[in-house]
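Two complexes, one shared chain (subunit A), two partners (subunit B, subunit C).
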Partner chain A sequence: MGNQAVLDRETFETFRNWRVNRAEYAKAWKERTGRKIIGYFCTYAPEELIYAAGILPVRILGSHEVQDVTEPHIFAMFCPFCRDCLAQGLKGRFDYLDGITIAQSCLHIRQAFTSWQKHVPIDYSYYLPMPHHVQSARATPFLAKELELFKASLEEWTGKKITDDAIDEAVEIHNRNRELLWKVYELRKGDSPPLTGEEAMEMVLSSQMVDKQDHNAALEKVLARLSKRDSTRPTGTRLMILGSEDDDVEFINMVESCGATFVVDDHCTGTRYFWNNVESAGDRLTSIADRYVKRVPCPTKDWPDRTRVEHVIKLAKEYDVAGAIVMQQKFCDPHELDNPALTKALKDAGVKTLFLEFDVTVPIGQFKVRVEAFLEMLQDDDLF
Partner chain B sequence: MATKAKYKTAPLKCWKKVKELRLKYYEDYAKAHERGGLRWVGGAWTFSAIPSGLGEDVYSLTSEPYGASIAADKQMSLRCLEASEKAGYARDLCAYMRNYWGSILINEYAFGGTFPKPDFIWQDHICCSHAKWYQVVSDLEGGLPNFCVDVAVGPYEEVAPHKVDYIVEQMQDGIEWMEKVTGRRYNDDLLIEAVKNEFRSTSLWAEICAMNKQVPAPLEEKTMYSLYVLGTLNKHDRSTADFFEELRDEVKERVDQGIAAIPNEQCRLMSDTQPPWGFLSIFRYMEEFGAISVGSLYTFGLIGIWEDKPDGSWGPRTTPMDQGIEITSREQALQLYADWTLAKPEWQHFYSPHIKTKMMARIAKEWKLDGIMLHYNRGCEGLSIGIAENRLGLIEAGYPVMSFEGNMGDEREFDETRVRARFDAFMETLGVAKVGRA
Partner chain C sequence: MITAGIDIGAKTVKVVVAGDGKVLGKGLVPAGLDTTAATEQAFDKALADAGLSKDKVGGIVATGTGRKDCTLTDREITEVGAAAKGAVQVLPSCRTVIDVGAEEGRTIRCNGAGKVIDFAFNEKCAAGAGTFAEGMARALQVPLEELGPLSLKSKKATQMNAQCAVFAESEVVTLIHAKTPREDIARAVLDAVASRIISMVRKVGFEKDVMVIGGVALNPGFIEGMKRGLEMEVFVPEEPEYVGAIGAALAAAE
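So, the complex of A and B:
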C-alpha cells in the first residue's frame, strides 16, 4: 500500500474514530472548553442555535445491541431505533450530557426523549414543537417564534446571552460543514467514486457527534486529497440507499463487499441531514427556521405533496444509480407510509429496488443472500 | 351463576335515537351527491365545523369511526386489511387506516353499496399517520384536493398566542382553498353556528362523563362508546349537541334515582386507548365480577373538553357562550375554536406521557377507581405512545394496573382467551370474586 493510500485511510479513520469513540471525544471536548453538551434526538434540532449558546450539540444514536432495558418504558410496537437510543441513556453511556432536546418529529423517537427526561438524571431538557406542515407558508414564522422561546430557555440555563455575532458564526460554521459534505458527495457522481458508501456514512455520522469546526478541518483535509485519490477498488454496481434512520455501517460494508458501491443516500444520517443551508430569509431566527422548514423532509412532515419522492428520483438520476435498497426500521410508520409510493416511483424511473426491514441487530448473513441476488439481477440487466 | 341485584338498573331511553342518528350520518354522506350536496372526508379530530360554512348540504365521513365500524364486522375487516397489505402497506400501520383504505380498494361501503368517493379531504395532523393517511386516500382515489391543518404546537399548559395563530392562519388558508376547490362562497354565519354547536356538544359530553363519578355509575364504558361516537362523527352539528343535552338530562335523572349501569357494581375500573372493537364482549365478561369500566381518558377526552373547576375537580369546560362571549366574526370564531380544541385531553400525551399519567391518576381518584386496565393497542401508535410510561407512573401513584396487548381494528392481533385469563388474574389480585350477572 502506497503512502497516499495510507494517508487516505488515516483521514477516514478520523471520522470512524470519532463515531466509535464519541464519548471520549465529547468528554475531552468538555474538559478542553469547560462548556456544556446537549444531546439531540432528531436532525430537526436547530444545531446552530445550540452552538451559538456555546453548547456542543451531539446526536443520540443507538449501539446496535439487543435491547434489554427498554421494555418497561416503550411499548414493543415502536421502532427498535428509539428503544436503542433510550437504552444508551438508561445504561449511562451519555453521562457526559448536560441536557437533551428534541425537535418534534415522529411519535417513536420522542418516546426516547420523554422516558430519558424521567429516568436519566439530566440538568436540562427542551421539547421544541417543530411544525409538521412544512409545505405551508405559515410554518417558518411559527418556528421562528418557537426558536425565540428556545433561545430564551438556553440563555436562562447557561446564564449567558446568545449574541447576534454568535449566531452568525454558528450559521457560518454549520453552513461550511454542509458545503464540504456536499462537495464530497459531488465527487461520488463520477464513474469511479473516490470513496465508498461506508466512508461517506462515517463522515456524515461523525459530523453529528463532534464540534463542526473540528469536522470542517478534517473534511477540508479529505477534500484536498480525494480528487487525487488513487482508487483501485472497482466501483461495481452503483447503488442508492434510502429510508429510515440508518447508521448500520456493518451493513453498508457487507453490501460493498459484494461488488457494489453506494453512491448516494436519502437518510437523516446522510443527505437529509446536510442538503440545505441556512440562507437569508429575514432576521436571524427566521433564516434558521426557514432552513429547517425547507430541508429535505422526513416523511412524517412530507405532506400533502410527496416532495421527497421527486427529490429521491432526482438523486437517483444525478448519481446514475442502477438499483436502490429501500430500508426501513421495523415499525417505522412514516417510512412505511411512503415506501409504496416511493418504490413505485423508482421502478417507473427504471431503478430496481430491494426492500429490507432493519432491527437494531441486522442479520448480515441472511441479508447478504438477498443483496447478492439483487446485485446479480442488476448485473443481468447490464449484460443484456 | 346469577345473583340478586345490588342496584336497580334500566336501559337508556335515548338508545334507539343514537343508533338512528349514527345510521343517518352514514346515509347522508353516501347520498349527498343525489341531493346536490358535497362529500368530504377527514379525521374525527379535524375541525369539522369549518366545512359547514360551505352550505347546509355538506356531509362528512370521519375516518377513525368508519375504520372502527369496519373492524366490528370481522369478515369485511379481514378483506379490507388483506387488500391493504396486498397493495403494499405494512401490517403494523394504524388498523383504522388499513380498514379504511381496504374499503376503497375493495370498493365496498360498510353501510351498503360501493365506496362513495369524496369531493375533498379536510384533515388535521397531530399523529404521524393523520396527514399521511389521506395522502394515500388521494393516491387510491386518483387524486383528490387535500388540505390538512397541523395542530401539533405543544401541550395546552404552554399555549401562547403564536401557537393559536399558527392554527388559525392555516384554517383561514383552508377556507380560501375550500372556496376554490368547491366553487362555493363561504358563509361565516354557518361557520359560527357550527363552532357554537361544537362547543356545546364537546362540553356536554364532558358533563355526561363527569356524572360517572357517582357510585353506582350510571353508564358503563361499552355503552358510552355507542354514545360518544356522535362526537366523532358530527361534533359540530346541532343534532349532536341537542342529543348530548337530552342524554345529559337522562343521565342526571339516573344519578338522582340511583339507577346503575350494571346491577352488581363492586369494582370500578377504567381502560385506556380504543377497545378491540371486534371483542367488546370482554366488557360483558367483566360484569361477571361486578366489575365496571366507568370510562377512560380516551372515552372522556377524545372529544370531551374539560377544565379545572373552582372546587379542584375536573369538569366540563365552560363554553364561550356561557362566558357571555358573542361570536361575531370568522377570525374570532376560529381563534376561539383553535384555543378550545387545543385543550383536548387526548392531545396532551402526544408531547409527554407524564402529562397523561397525571390526568389518568386524577380520573382514578375522582372517579373512585379500584384499578386500571391498559390496552397496549398495536393498532394505534397515536394513543399507545407513552403507554408503558403511563403504566409505570400509575403504579408509582399507587394504582393496581393490568395491561393487555391487542389491536382495536385487526382481530388477528387480539387473543380473547388470553385477555380473559389476564383479567381473571387481575380480579384475583384485587380480591374480587365472580358474582355472576344479575
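So, the complex of A and C:
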C-alpha cells in the first residue's frame, strides 16, 4: 500500500486556495464588482437566476469544527451538517453575505435557514418553495411560477430589472461550467486518472464558492494541463463515494493514501450538483425550472420511483469501480431511506460497499481500520 | 517454516509462533502505554513457550489496531483478514467470524480458504465491546472474570435498553436500587452486549459455522446470550483471543 501521491500540487492549487480562503475571495469579489452576494443552503437554489440579477450565489457549508452554539436552535438529532452550517452564521463567518436563500429540500437544512433568518442579522432572505414531487408533470410549471415571484423579489431588492439577456448569459456561463466539469470527470474514466478524488472534490466545491466566470477560466487551464499531466501516481483500487452532503476532504485524502483512488461520486458536492444543464424547455424561467426538476435528485425528492439508483449503477459501471463507500451524514433521514436500496443494487451489480457514518469531525483512525479492511477484501477479489 | 503472528490490540498484545500451520507457542501481554515493549515481551514469551530462539523465525506479520507501530516487522494484514484466516485454520467449516475485543466488535464472512467476503464493524458504540462489560462489572462490584459465571445463574431476562455506556451504568444502578438480583443484572448486561453484536451480525448476514473470537468470547454469559439471540450453536475456540495472531502467523508463511 502506501501510495505516495506524486502528482504535482500546482494544477489544482487555484481550486484549493479558493476553497480554503473562500471568505477572502468573496470579500475581494465584492470590492471589485460593488455587487451583492447571496448564500444558499442547498443545491436546488436556482443559481442562474441569482447570477442574472448581478448577484454572486455562494453555497453555505460547515467548517468541520466542533461547536456549541446551535443547541438552542436546532434539535440535537438533526444532521450535524445543518447544525455546522448554522454555527457558521452565528459565529459571523459569513459576514460578507447580503442575503440568504433556500430552495425547499430537507427540513433539517431548512431549519438552519430559518434559524439563520431569525438570529443572524441579514438584509435579505428568500424561501423558494421548490416542489417535492418532482416526478409530477405539474412540477416544472409550478416551479416556473415560483421563479417568477423569486425574480420579482430579487428585482425589488436590487432595484434593477433582470433582463432576458442577463438570464441567457447566466445560463450560458453556468452550462459552460458544468460542461467543463464533465470534461474533467471524463478523464477519470481512464486507466490512470490524471487527478485524485480529493482534487475533484476541491474543484467542484470551489465552483460553489466563486464566480463561475473565474471558475470557468481556471477549468480551461486545468484541462489543458491535465492532458499533459505526469500521472505516475498508482491508481490502486477504483472507488466511488456516494451519499449525503460531503465536503470532508481529509477523509478522501486518507482513503487515497491507502492504495485507492476515487474515480467518481454521487454527492451534492460533486456530480449531483453539476450533472444536468439548462436546456430549452419553453420560456426562460420554465427552462431553468425544468433543469432543477429533472436534475439527478436528492433522496428528499426521489419518489415514488427511485430514479437515482439506476443513475448510480450507471456511474459505477461507466467509471469501472471495484467498490463504493456509502457515506451517511449522521441523522440524514432522506439518505438513510435510500441506502438499503442503493446498497442492494450495487451489490447486485457486483460492487461491494462500505457504509460509514459521518459526523462534523470524522474519526480518521477508526475509519482507516475499516477502509483498509475493505480495500484488502477488494484486492483479494482481484486475485481470484 | 517457523513464522510469528503479532496481534496488537487495544488492550493486549498477542503473539503466536507457528510451524506448518501448527501453534508452537503463545504469549499475551497487556498493551499498556508502551506497545513496543509489550510487543517484545509477548514475542519473547511466545518464543520461550515454543522453546525456540528468535533466529528460527522465518517471517513475521503484524495485525491489530496497533500494527503500524510494530517494530519487529513491516509486513501487516488487517485484523479482518487475520481473523478470517485464523478462524478457518482453527475450524475449517467456519464461515462467519464474530470478533469481539476490548474496543470493537466485528463480523466477518469468509469462504473455505479464509478469504474475506464481507464484514461489518459496530458503529462507534461501546455497548458492543468488552470495555462495556468491564465497566458494568465494576458498577456491580464483580471481577470481570466472574461476571459471566454469575450471569449463568440467572433464570430471567431483564431488559437494558441504553446503548451508551454511561447511561447503561445508570440503568444498572436503577436495577440495583430496585433490588434486582445481581445475577439478573449481570445477564442483562451481557445480553445487551450480545444484542448489539447480533444486530451487526444480521447486517452482513451469517452462515454456518459461526465462531466467536476475541477476548470477550472468554465470557460464558456473553456466549449464552449469543446462542439465545442467534438461536443456534456458536463455536468458541479454546483460546479465542489468539485467533487473529494465528491468522497473522499463517499470512507470514504465504
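Quick note on the criterion: the second predicted complex is superposed on the first by the 376 of 384 C-alpha atoms of A that agree within 3 Å, B and C clash if a C-alpha of one lies under 4 Å from a C-alpha of the other, contacts with A are read in each partner's own complex, and residues count from 1 in each chain.
Assume a residue touches a chain if its C-beta (ideal position, glycine included) is under 8 Å from a C-beta of that chain, and two chains touch if they have at least 3 such contacts.
In this text, all values refer to a predicted model and were calculated from it rather than measured experimentally.
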Contacts of A:104 with subunit B and subunit C, given as first, second, both or neither: first
First, second, both or neither for A:303, with subunit B first and subunit C second: first
First, second, both or neither for A:180, with subunit B first and subunit C second: neither
Which of subunit B and subunit C A:85 touches, first, second, both or neither: neither
First, second, both or neither for A:49, with subunit B first and subunit C second: neither
Touched partner set for A:372, first subunit B, second subunit C, both or neither: second
Subunit B versus subunit C as contact partner of A:334, first or second or both or neither: first
Touch count on subunit A, higher of subunit B and subunit C: B
Subunit C-contacting residues of subunit A that also contact subunit B: none
Complex contact set, residues of subunit A against subunit C: 352, 355, 357, 363, 366, 369-370, 372-374, 376-377, 380, 384
Complex contacts: residues of subunit A adjacent to subunit B: 71-75, 77-78, 104, 106-108, 110-111, 114-115, 117-118, 127, 129, 131-133, 136-139, 141-142, 145-146, 299-300, 303-304, 306, 331, 333-334, 336-341, 343
Residues of subunit C that touch subunit A when the two form their complex: 65, 77-81, 104, 115-121, 123-124
Footprint of subunit A on subunit B - complex, ascending: 87-90, 92-94, 125, 127-129, 131-136, 138-139, 146-150, 152-154, 162-163, 165-166, 169-170, 173, 350-354, 376, 378, 381-382, 384-389, 391-392
